[in-house]
Each structure stands twice: as C-alpha cells, then as structure tokens.
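Please read the structure below before turning to the comments.
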Amino acid sequence: MKGMTEIVKTISKLLAGLIFFYGIYIVLFGHLTPGGGFAGGVIISGAFILLIIANGIDEEKISRGKEKVGFLESSGIFLFWIISTVGLCMGTFFFLNFLGKGRPLNIFSAGTVPLCNIAIGIEVSAALCCIVIALILVKKGDKK
Amino acid sequence: MFVILILLMILMIAGAVVAIQSKDLLSAVICMGIVGFGLTLVFLILQAPDLAIVQIVVETLTLIILIAAILKTTMKESKVKKSAVVVYSGIATVILLIILAFILGDAFKGLPDFGCPDLRMSEYYIEQGLKKTGAANLVASVILDFRAYDTLGEATVLFTAVMGILAVLRRKGRKE
Amino acid sequence: MIYFLCSLLFLVGLSGILLKRNLIKIVISLTIMEYSLFMFLALVGYKQNALAPIVKSVTEEVNYVDPLPQALVLTAIVIGLATTALLVALAVRIYEKYGTFDIRKIRRLKG
Amino acid sequence: MNSSSVTQYLLPLLVVLPLGGAFLIQLSKKISGLISDIIANFIVVVLVVLVFSLLNSPVLVYKVGGWMPVKGIPIGIYLVSDGLSMLLLIIINTIALVSLFFSISYMKRFTNKPLYYTLFLLMIAGMNGVVMSGDLFNMYVFLEVAAIASYSLVAFGTEADELEASFKYQVMGTAASAFILLGIIIIYSVTGTLNLADIGRVLKDKVTEAPIILTGILFLVGFGLKGAMMPFHAWLPDAHPSAPAPISAMLSGVLIKAIGIYALVRIMFNVIGVTPIFSNMMLCISAISMIAGVFLAFAQWDFKRLLAYHSISQMGYVMLGIWLMTPLGILGGLFHMLNHSVFKSLLFLNSGAVVYGTGSRQLKRLGGLNQKMPVTGCTSFVASMSIAGVPPFNGFWSKLIIIMACIQSHHFFLAGLAVLVSIMTLVSFLKVQRYVFFGGLKQALKDVKEVPFTMCFSMILLAFLCTTMGALLLPGAKELFIDPAVNALLNGKEYISLVLNK
C-alpha cells in the first residue's frame, strides 16, 4: 500500500502531533476531568494509526515497529500489575490506594489513580496499535 | 430531552436494521457507525461524558478495523438463494424474536422507573468518593479505586485479545 | 417505553446473528447487541435532573447520576472492542483460507 | 492476627500470580525460549501448592482494596472461597499443572510457544478469578478473560477447520456473554448492588417477580451456552477437538465446569434461589444432554470428536446430580464433576499422544497401538473404564451415587436413563479401544514410537488418580474435599450471612 498525496502527509503529521498531545492530556487529567487511561490510550493510538495510513506501509519498518509496540504493551500492563500488587507486598490489601490522597481537584491527587491511568494509557495505546498493525500486515488474497 | 432521546434511539434502531439488511458490506459497516455515534450522543444526554469520549474513539477504531478487514477481502455479501428452508427458518426466527420482545417488555415493567435508580451501592461512591479517593472524576474513582480489580481484568481482556490476534494471525501454526 | 426501545435494538442484533450467513454481518450484529446493552446500562444509572459525576468544587451540592453503571459500561466497552477485534482477525484469516465470508460455503466441520 | 486472617491474604495470589506470569513471559521471551517453560510451570506448581495449603480453611472473604462495608452494604469487590470454590480451585489448578507438563513436549510441534504459555496462564487466571469472585460483574469480567483466551487457544494451530471452529465458538460465546450481561444489568437495576451476597439479601422475597424470573432464564441461556448444555451445545464438538490436546483437556475437563456449571449453580443456589420449576427444567436439560450426547457420540469416527460428545453426556450426569437438590444427589454430582475432570482430561491427553505418535485421529486409520505405545494404551484403558463406570475406577462410584439419589427421590425414569447411558458409554469406549489400541497393527503405523517422558508422566499421574479417587468417599477424605462443597450448596442461603458477617 502506497501513501497518500504530499498534502495529506504534511497535514497528517501536524494533526498527529496535536492528537498525540491531546491524548496525553486526557490520560494525565483522567482523575479530574472526563476521560482517563482508556480514552486517552485510544486517542494516542489514533495518532499513530493516522500516520501509518497516511504515509503508507513499509513492511519491514512496520514489522519492527510491531515488536516494539508488543513490548510496550506488555510493559504497560505489567506496570499496572505492579501497582496493584504493591499493597499485597506491603502486607496490606491487594489494590490498596497506598499513596497520599493530596489536595482534591489538583493534578497531584488521588493517590494511585493517575499512575494507574498512565499504565493503562500505555497498555491500551500499544495494544490497539498492535491490533491494527497486525491486521494491516495480513497479505491480501493469500489463499491456499 | 426525553423526546430527543427517543428519536435518537429510533434512529439507532433504523441504522441497525439497515446495517443488517444491506447487501454491501461497506455500507453495512457505515450504518453500524450510525448506531455507534448515536450511542455517543445518548451517553452525552444521559450525563456520561466519560462514556461519550470512550465510545466515540472506540467506535472510530472499530470502524477502522472493520473497514481495513473489508478492504483486504471483499465488499459483497454473496447472494442467498430463496429456498423454502431459508424462508421457514426466517419466519420461525422472527416469531421467536417477537415472543422475546413481549417477554422482555413485560419484565422491564418490573424495573424501577427510568430516572430514579436504586442507589444502594453507589450512594457511598457519590457522597464519599472524592473524600476517600481524592479523584474528582467519580467514574475514575470507581474504576481505578473502588473497583480497580475489575479494571485489571479489563486490561487483561484487552491484552488477551491482542495475544489472541497475534496467535491467530501467525503465518504457520505448526512446524513442518 | 425507553427500556423497550433498548431491548428492540438488542433483538435487532440478535436477529442478525440468527439470520445472517456472512461473517462480517455476524460481527456487526454482535457489536450492535453489545451497544444496546451499554445503552441499557447507562439508562439504568440515569437520574432525573442530576449532573455528570464529576466534582467541580468541593463545596458543591451532591446530586450526580449513578457513577457505578458508567464504570461498568467503560469496562464492557473495552471487552466488546477486544472481542470484536479478535473476531475480525479470525474472519480475515478464514477469508484467506476459504476465499469467502459465506458461512454456508465454510462447512468443513460437520455435525 | 489469627490463622484465618493470614490465609485470606493468599486468596488474591491465585489470580495475581498467573497474570503476572503471563505478562512476564511476554516481556522476557526474547532472552531465551526455555524461560517461558520455566516460568509457566513454576507458577502453576506454586498455584497448586497454594490451593492445597488453603484446603481445610473456613470460608474466606477478602475485600479487594481494603474497602470495608459501609452500614452493612459492601462497596468493594469481594473474593470469596467456600467449599464449592475450593473444589473448583483444586480441579482447575491440578488439571492445569498436568496439562502444562504435557505441553512441554507436545507443543514443540507448534510455533511460538511463549504465546501459548501466555494464553494458557491467562486462561487459568480467568477461571480462578471466576471461581473466587464474590461479585457479579467481576465474575463476568474474568469469565471473559478465560473465554477469550480459550477462543484464541482453540485456533492456535491456525488450520482452516480450527479457525472455523474458533469463530463458531466465539460467536456463540459472545452472544452468551451478552445474555449474561443483560441479566447482570437487570439484577443491578432491581437491587442496586453487585455483591453476590448482598444481592441475595435484597432478593430474599422477590424470587417470583417477573424481572428475576427473566434473569434466571437469561443466566440459564448464557451459562448454558458457555457450558454446552444440550440445546446450546453446537459449538463444543467443533471447538474441543480443534484445540491442541492439552487445551482440549483443559476445555473439556475444566473450562465448561468453571464458567458454565459453577457460575450457574453459584448464582442460582446461593444468590437468587431455585424455584421448583427451574430445577425441573434443569433436570430435563440434563437428561436430554445425557442421552443425546451419547447417541451423537456413537456415530463418530474421529477420536477427539467422540470424546467431545461424551463431555456433553457426562456433564448431563453432573447436572442431573446437582439439580436433584438432595444431599446425595449433590454429593454425586460434585464428585462426578471431580472425576470427570480427571478422566476426560486423561482421555484427551491420550488422544493427543496418539496424534503425536501417528499423526491421525481417525479411528479407522488406527489400530494395534498397544504394541507400540504401551503407556498410552494402558492409561487410556483405565480412563475408558472409568468414564464408562466400571468398578473399581472412580467413575463408577460417582455414577452409583447419582443413580441412588435418583431412586431415593423417586425419579425412577431418570435412574433408568442414567444406567442406559452408562452402558452406551461403555459400548462406545469399547469401540475406541478396539479400533485404536487392540487389533492388528496397521502397516502404516510400523514405526510409531512411545511419546516422550513428560507426556507419559502426566498420563500416568492421571491414570493413578483415576484408580484411587474412589477413596475420596472414605471418611476423612470426604470431610476434607467434598463435604464442604456439598454443604455450600445444600445450605444455599447461608452463603449470604457467611459472607456478609466476615
């Protein structure tokens, strides 16, 4: 699959940057405003998918990217797992919100909630990129 | 508000019917988009901005995945021959569905009225959510603190699905 | 009334699964079925004249819609997305092997 | 801190460990191929040790996140392990260990082994989560984890028929999940809570209201689809044979019990409450499953497909016992569930060994394998006799109890049916033995060898269990393993006070 025209490529690069930062904003402020790790993660993956679609598919580059993305995904969910088990390791409860609650309505508040949001954001964005890349890499008309 | 909600739902049902009946797969997928984006609006009306954000991005992504799959394969739904078996099974299904609709409609009369939910469990979330978890977004406080275990399960479902997709899309399953 | 419309959407999805013989159509029907459930869950949590469950200031009067069903919908949406993606991947692979999406031509397994 | 509060901290580990293992395998697969074998097997060994150390403990309730109930209403998610969960945990983790040990050699024929282990561990985590969950929605989430892992494991070989079976399985499974979710929403709308015990308390005198009856039916359809009860069984004979053999063993031996029968029984007995109409309906379904499964199995010439149909039939026995709702019936049903998981997994592992050795699972193409594969032949003979209910193997005792329970509660027709099905099962398995292991050796099978050590070891272990598990009925063992589970079902509504007062 070839990429699209030069105009589309340039604009998509600009837009992808914007979308990417918007996604990060949604993740970071997930505990204060609507949104959160999941919504933000999907938006971030959207930025990458836009780039992939606009710039066409270079198979080699993309399969290398797929491995990196897979690793990122596993590490994201592993991070979430670690946050969840810290409570257990400290001898208290599984999924204990062990950090201080902070001042309400401040970005550094709510203990582990923003951390979980970040971990989920990483996991979700990587996972969705992985799904789309894997589906794109399937060759057309490869019948048996 | 209520009228808009009902109109939206009727639009969604119409979209769903067209999506299922249309002969062309691409237009079917796009009609499914009507249902999904309609759902986004419904969420907004129902005071659920979190869900609206998630639904709109997920719907877009679902459409991308489905369209990518269709572009790689075929757009036409192959024709169904109108044999007697098809017609009879179709009629039987429709009758079954009508009966089901009556059962569901009847049972739903026993639910609490629309707009007055029973807040047995969530009263505490609403009143103490901010104080206990520090998160101003009560939905975030529920999914990441009160019921964070569910969210671990949810993230795991997504992880499992990705692993499953990687497993299914392998070129060769068995070694020679 | 409003619950009934929701169940109607559910039944439309169900009819698609039962009647349609095309893999992609089946995936679409399943997704529509799930959407109707999300909507039902959000309807169940709605409270008349209440605000979205986001606290804007600490002193605010407490009158929000039920946040719990919204959290459940969030979880369910992710699960729905995961199943849809896996189904689509399987459908693409099946197309690769058989060259069709039609279930009647994909009957290697019997009984 | 007394001893019960220490042991309750072990409960979340049963889910956390396999999840962590699955993520770790994905992170570390680059380093060496061997590392995934080690991690997976090590974690499941730890799980088995954990489960057996939890045995004989009282009802444990663990509140995730430390959210204590407010005004008596639970607000967080509860993990609950009572007798019934314990029985299921034993089944899940033991069979998982044996299958995993079997996979070490068996899965060498497949590509991307770390992915297989990841999915396997996720499936175990999902089932453990379902069994221990004390929260309706949480149960649904972990049910989906287990189900999605099993969908993709069925298609692990990526051959055309495997993909097709997986798709069919997944469509039915997703529809089933939709029904279950609808039921959960209705329950939440009526009660305003999701905690199982709390739901039970609210619904105490509402069992006959229309929404609750509808929920019962929705759960029956949903979990019936997941557990392949008879009118909803269509996916099972495709999906179970298509999976790699250790996965078939897990699916048939464990999964349909954990996310089908267990979930339905838990919700109906302990939470909603069973009405006589419902239990009679379930008796009908189990009788139909029993008889139709065995008849359909009769016509099969594919080894694994035949076994899959027998799974439907044997699950009919389990349900027949449980839904008689008498102490003896429940004892028989649960004991048969335990036994079935052992001998059916063994049979599937046998079929896997046959496929591994000969490359075929068509009965007509096999023959005389006893000369070449003595261990497989021997163990499969034990398993066949066990499933057919020949004394002194374990299947005999549980079937005997179920038949006695039928007679005791004056269901003579069902008792006769159970005997008939048992005889037909025997005939069907004599056919398998005759075509696969006895008779003359086919020319094409001259250079077949016995399977590697790890596979033999798993089969011998299960065969040993088959011969000795009748001893679980003796006093001493019975109180430890089966009685708590029976009591958990018999005193259904006691569950509510047990959980809420912790």
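Per-chain numbering from 1; labels A, B, C and D assigned in written order.
Throughout what follows, a contact is a pair of C-beta atoms (placed from the backbone, for glycine too) under 8 Å apart; a residue touches a chain by one contact, two chains touch by 3 or more.
Everything quoted here is computed from the prediction, not taken from an experiment.
K.L.:
On a CA-centroid basis, which chain has its centre farthest from chain B's?
P.N.:
D
K.L.:
Find the two chains joined by the most C-beta pairs in contact, please.
P.N.:
Contact tally peaks for the chain pair B-C.
K.L.:
What's the distance between the Cα centroids of chain A and chain D, rounded to whole Å?
P.N.:
Distance between chain centres: 35 Å.
K.L.:
Using mean CA coordinates as chain centres, what's the chain A-chain C distance in Å?
P.N.:
Here the centre of chain C sits 22 Å away from the centre of chain A.
K.L.:
Measure off the straight-line distance from the CA centroid of chain A to the CA centroid of chain B, and report it in whole Å.
P.N.:
Roughly 22 Å, centre to centre.
K.L.:
How many angstrom lie between the CA centroids of chain C and chain D, rounded to a whole number?
P.N.:
Centres of chain C and chain D (C-alpha means) sit 28 Å apart.
K.L.:
Pull out every residue in chain C that's touching 2 or more other chains.
P.N.:
Counting only residues that touch two or more other chains, chain C contributes 10, 14, 44, 52, 54-55, 58, 68-69, 74-75, 78-79, 82-83, 85-86, 88-93, 97.
K.L.:
At which residue positions does chain B touch at least two other chains?
P.N.:
49-50, 54, 58, 61, 65, 69, 72-73, 104, 108, 111, 117, 119, 121-122, 125, 130, 136-137, 139, 141, 143, 145, 147-161, 164-166, 168-169
K.L.:
Would you pick out the residues of chain D that each touch at least 2 other chains?
P.N.:
Chain D, residues with two or more chain partners: 19, 23, 26, 64-65, 137, 141, 144, 148, 151-152, 155, 158, 160, 163, 166, 189, 194.
K.L.:
Could you list, by residue number, the parts of chain D that touch chain C in their complex?
P.N.:
Chain D reaches chain C through residues 137, 141, 144, 148, 151-152, 155, 158, 160-161, 163-168, 170-171, 174-175, 177-178, 181-182, 185, 188-189, 194, 237-238, 296, 299-300, 305.
K.L.:
Flag every residue of chain A that touches chain C in the complex, lowest number first.
P.N.:
32-34, 38, 104-105, 124, 131, 134-135, 138, 142-144
K.L.:
Give every residue of chain A touching chain D within the complex, in rising order.
P.N.:
Per the stated touch rule, the residues are 70-71, 73-75, 77-78, 81, 84-85, 87-88, 91-97, 144.
K.L.:
Which residues of chain B touch chain A in their complex?
P.N.:
Touching chain A: residues 49-50, 52-54, 57-58, 60-61, 64-65, 68-69, 72-73, 130-137, 139-141, 143-145, 148-149, 151-152, 155-156, 158-159, 161-162, 165-166, 169 of chain B.
K.L.:
Where on chain C does chain B make contact in their complex?
P.N.:
These residues of chain C touch chain B: 1-16, 18-22, 24-25, 27-29, 31-32, 35, 38-39, 42-48, 50-56, 58, 62, 64-71, 73-75, 77-86, 88-93, 95, 100-102, 105.
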